[in-house]
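The structure is given below, and queries will be raised subsequently.
We call the chains A, B, C, D, E and F, going by the order they appear; numbering starts again at 1 in every chain.
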Amino acid sequence: MSVFVYPGSFDPVTNGHMDIIQRAAKLCDKLVVAVLVNSSKNPVFTLEERVDLLKCAVKGIDNVEIESFSGLLIDFMRKKNSKVIIKGLRAVSDFEYELQMALLNKNLDSDIETLFMMTNINYSFLSSSSVRELARHNGNIDGLVPDCIKDKIMDKFRR
Amino acid sequence: MSVFVYPGSFDPVTNGHMDIIQRAAKLCDKLVVAVLVNSSKNPVFTLEERVDLLKCAVKGIDNVEIESFSGLLIDFMRKKNSKVIIKGLRAVSDFEYELQMALLNKNLDSDIETLFMMTNINYSFLSSSSVRELARHNGNIDGLVPDCIKDKIMDKFRR
Amino acid sequence: MSVFVYPGSFDPVTNGHMDIIQRAAKLCDKLVVAVLVNSSKNPVFTLEERVDLLKCAVKGIDNVEIESFSGLLIDFMRKKNSKVIIKGLRAVSDFEYELQMALLNKNLDSDIETLFMMTNINYSFLSSSSVRELARHNGNIDGLVPDCIKDKIMDKFRR
Amino acid sequence: MSVFVYPGSFDPVTNGHMDIIQRAAKLCDKLVVAVLVNSSKNPVFTLEERVDLLKCAVKGIDNVEIESFSGLLIDFMRKKNSKVIIKGLRAVSDFEYELQMALLNKNLDSDIETLFMMTNINYSFLSSSSVRELARHNGNIDGLVPDCIKDKIMDKFRR
Amino acid sequence: MSVFVYPGSFDPVTNGHMDIIQRAAKLCDKLVVAVLVNSSKNPVFTLEERVDLLKCAVKGIDNVEIESFSGLLIDFMRKKNSKVIIKGLRAVSDFEYELQMALLNKNLDSDIETLFMMTNINYSFLSSSSVRELARHNGNIDGLVPDCIKDKIMDKFRR
Amino acid sequence: MSVFVYPGSFDPVTNGHMDIIQRAAKLCDKLVVAVLVNSSKNPVFTLEERVDLLKCAVKGIDNVEIESFSGLLIDFMRKKNSKVIIKGLRAVSDFEYELQMALLNKNLDSDIETLFMMTNINYSFLSSSSVRELARHNGNIDGLVPDCIKDKIMDKFRR
């Protein structure tokens, strides 16, 4: 059984992330979307909120599971018996950071592969931080996040 | 009447900014220099100080106005009845961030254009943060900021 | 009267070029699309063919003229009494080459400005060479070039 | 059965290519290494020589086939009933060109995915052209190409 | 006597830094490794710890001295009577930041040169922050830092 | 005696090259400017012309020699008993190509170092090809090449 892992902060999940989830799910038996409990970054949405938003967004995609993890991604990969990390690359993206992470993980475990997919061109400018910035100023996030979670995101910033 | 908007933090205004202001002012009837009240970035100079430094620096350029704004740039553009955002691009600059902002704004309002101008080559290494770093350590900022505001900047760091 | 010049090889014109032409035409009184007679590059379409394809594509946009020029762009700008060069920047583009040309032209004539516009995200991967490669192999160029010139382009490669 | 296609000029195959072939072969049932008959590039090694060198280099990797193709990659993918293009990305690589090709192929057939893998860090500076340049000047290509084809490459340049 | 200065945060020193130290020491009479007391960055290791780790790591390289400095690098260079700043460039590195610093220092003192060396390809993905991230999660840092300081680094994160 | 080698096509030498020559000459006992006899690139100026232009340009800089070489740079370095290759990096430059060459040379001879210097900001847009393009169209090359060789360059294109 081929298990791919798609790690990230998902703070919150965007249509750019969903594009990768839908396409990667077609390439493997099981896709684990791994929400990073990242001590150094202080996310706006709590871990529970981020997992909840993802679970709502992936409803209907059968072979996708949502989990959170802390510590090293490599250790989580072993726990999940997965050899493949999937990452999205945006035309406008911090390619060098992704490159550095892929080479670092390769150095830690040469069996583990990082496969990059180009995010759909329509989302190449989209990031969680731009969604947060828009929502913070009551801007329109239509088309940027899955419809089922739009209100939850706007409510977060209204509170 | 063609109104261009030149948004930024201007923390503080540098000769790189002034280069763009002087050149952009020749291309439109009115140039609004929009100082961003950016909650997430904690600027060193207060909003009032940043606006004051700009007003002093643009004295003599008739068709330039200084304003501050918070919230989405797109909303400010509509208020000012402007369709053109002017941005400086330095040879050594975070091109990808500017690209992302231009595409995001385009997605929000397809009528609004972002026009990029190359900053004068002599200022291609210059940023507000490098001016602050120099002033913090009592370094020489001659030629990096307009003469009329040099002392105000150095005083800020002496206090 | 504001005259902008949009120079290029247009070998052939694509929907990416047309996106810039339509948007730039709204920002000035007259837009001159300047087809470069470039001795060093051996274009696939002749100068006449490139000019003809452009004339067909811009029908209906009143303030756009098509001209060819050889020699230095700066000299052509003076002949046209224009101070603004318009260039498209693709998210996936040779930014450094465009930067170099803008700085070189600035060095030749400090009054002339190069303004960059982001090409529509849907055409950020599109170039004349990719259109030629597709047409050469009888691939589908729908949506990549204006409809009115599609057959002329395919015929070129069938001959 | 999962079929991946690894396209390229392979002029000649290098250890950087072999690194991708060995790792990609573990991720699919069959890996087709597709040698491009590229009219516009005039390769140094003939198509037959390039295929022969590859066949020698992949001996022992059971699920790898070598084929040549001309025309559009997308058409070849359909012939091979494959949905995945594998490409190597070098830390020092023309990322923007690969990005453009991936987006262009995506535009032609949205079912086809391009997956990028980071080439082993030791080969991040290696390219077919640098191997040719070394061999042309009788330089040492040990460790840069599979041992079994070293002499064939040097002989090519001695003739 | 030729004195080179190699400035950095060294938070902590890695094998990537050591690679530059060993190679730069061969190119000059004296190499001063200058540990930056950087108020704006809050380093994980104290200044004393960073200097101590470096002193342990460079034992045996005769012409290398470890010093700390605060304020402008240019002022420190004059104190050390040095005209050359040595900096490592990683294939995967923030080239633009290094470029900006080199041009800024050049603007402050045209006699001072910044020379860049390519970090060894095996460390092109390595940074102090990736070492800290690994150690924080009890990951394996073998081969990433000098052996003599490995335990000190792991102890820091265990406390 | 420290011998540095500054290799290039110099087709023709520009003020950007001269900036590197003057600065590098201060860092070593002897600087050898090595004009590459590059079979694959068909230079506009003959080897003799390129050497002659350089000799005229470096008159007065005592510790600089002009030589031509063919074959591998590494072999030429050994002949000159030099361990250091000097290369200029322009803010707007093909950094990735220079990186690739430095890593390739390092792979061929680990004792040989490539040191990069930032070209003076005023020449960061300047290249031999832009000088040729200007001269070809009878454009003004003042300030772009040493005065003593200006007429020789313009004459070349008038013939």
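Just so it is clear, a residue touches a chain if its C-beta (ideal position, glycine included) is under 8 Å from a C-beta of that chain, and two chains touch if they have at least 3 such contacts.
Predicted, not measured: the structure shown is a model, and the values here were computed from it.
Q: What chains touch chain C and also chain E?
A: Joint contacts, listed by label: A, B, D, F.
Q: Between the options B-F, D-E or C-D, which interface matches B-E on more than half of its contact pairs by residue number?
A: So the equivalent interface, with over half the same contact pairs, is C-D.
Q: Where centres are the averaged C-alpha coordinates, which chain has the largest centre distance to chain B?
A: Centre of mass proxy via C-alpha means gives D as farthest from chain B.
Q: Which angle of rotation, from 0 to 180°, maps the CA atoms of chain C onto the equivalent atoms of chain D, to the nearest 5?
A: When the C-alpha atoms are superposed, chain C turns by 120 degrees onto chain D.
Q: From chain A, which chain is the farthest off, judged by mean CA positions?
A: F
Q: With contacts defined as at the top, give the pair, A-C or C-F, that has more of them.
A: Ranking A-C and C-F by C-beta contacts puts C-F first.
Q: Rounded to the nearest whole Å, what is the centre-to-centre distance of chain D and chain F, using the mean of the C-alpha atoms as each centre?
A: Taking the mean C-alpha position of each chain, the two centres sit 34 Å apart.
Q: Roughly how far is chain A from chain F, going centre to centre by Cα mean, in whole Å?
A: Averaging C-alpha atoms per chain gives centres 47 Å apart.
Q: Which residues of chain E are in contact with two or more other chains?
A: As it turns out, chain E has residues touching two or more other chains at 91-92, 99, 103, 121, 124-125.
Q: Which of the chains are touching one another, listed as pairs?
A: Final set of chain pairs in contact is A-B, A-C, A-D, A-E, B-C, B-E, B-F, C-D, C-F, D-E, D-F, E-F.
Q: Given the complex with chain F, which residues does chain C contribute to the contact?
A: That would be residues 39-40, 71-72, 74-75, 96, 99-100, 103-104, 107-108 of chain C.
Q: Which residues of chain F touch chain B in the complex?
A: Residues 91-92, 121-122, 124-125.
Q: In their complex, what parts of chain A are in touch with chain D?
A: Per the stated touch rule, the residues are 23, 26-27, 83-84, 89, 91, 95, 99, 102-103, 106, 113-118, 120-121.
Q: So in the complex, which bits of chain D are touching chain F?
A: Those residues of chain D that touch chain F are 92-94, 124-127, 130, 133-134, 136-140, 143-144.
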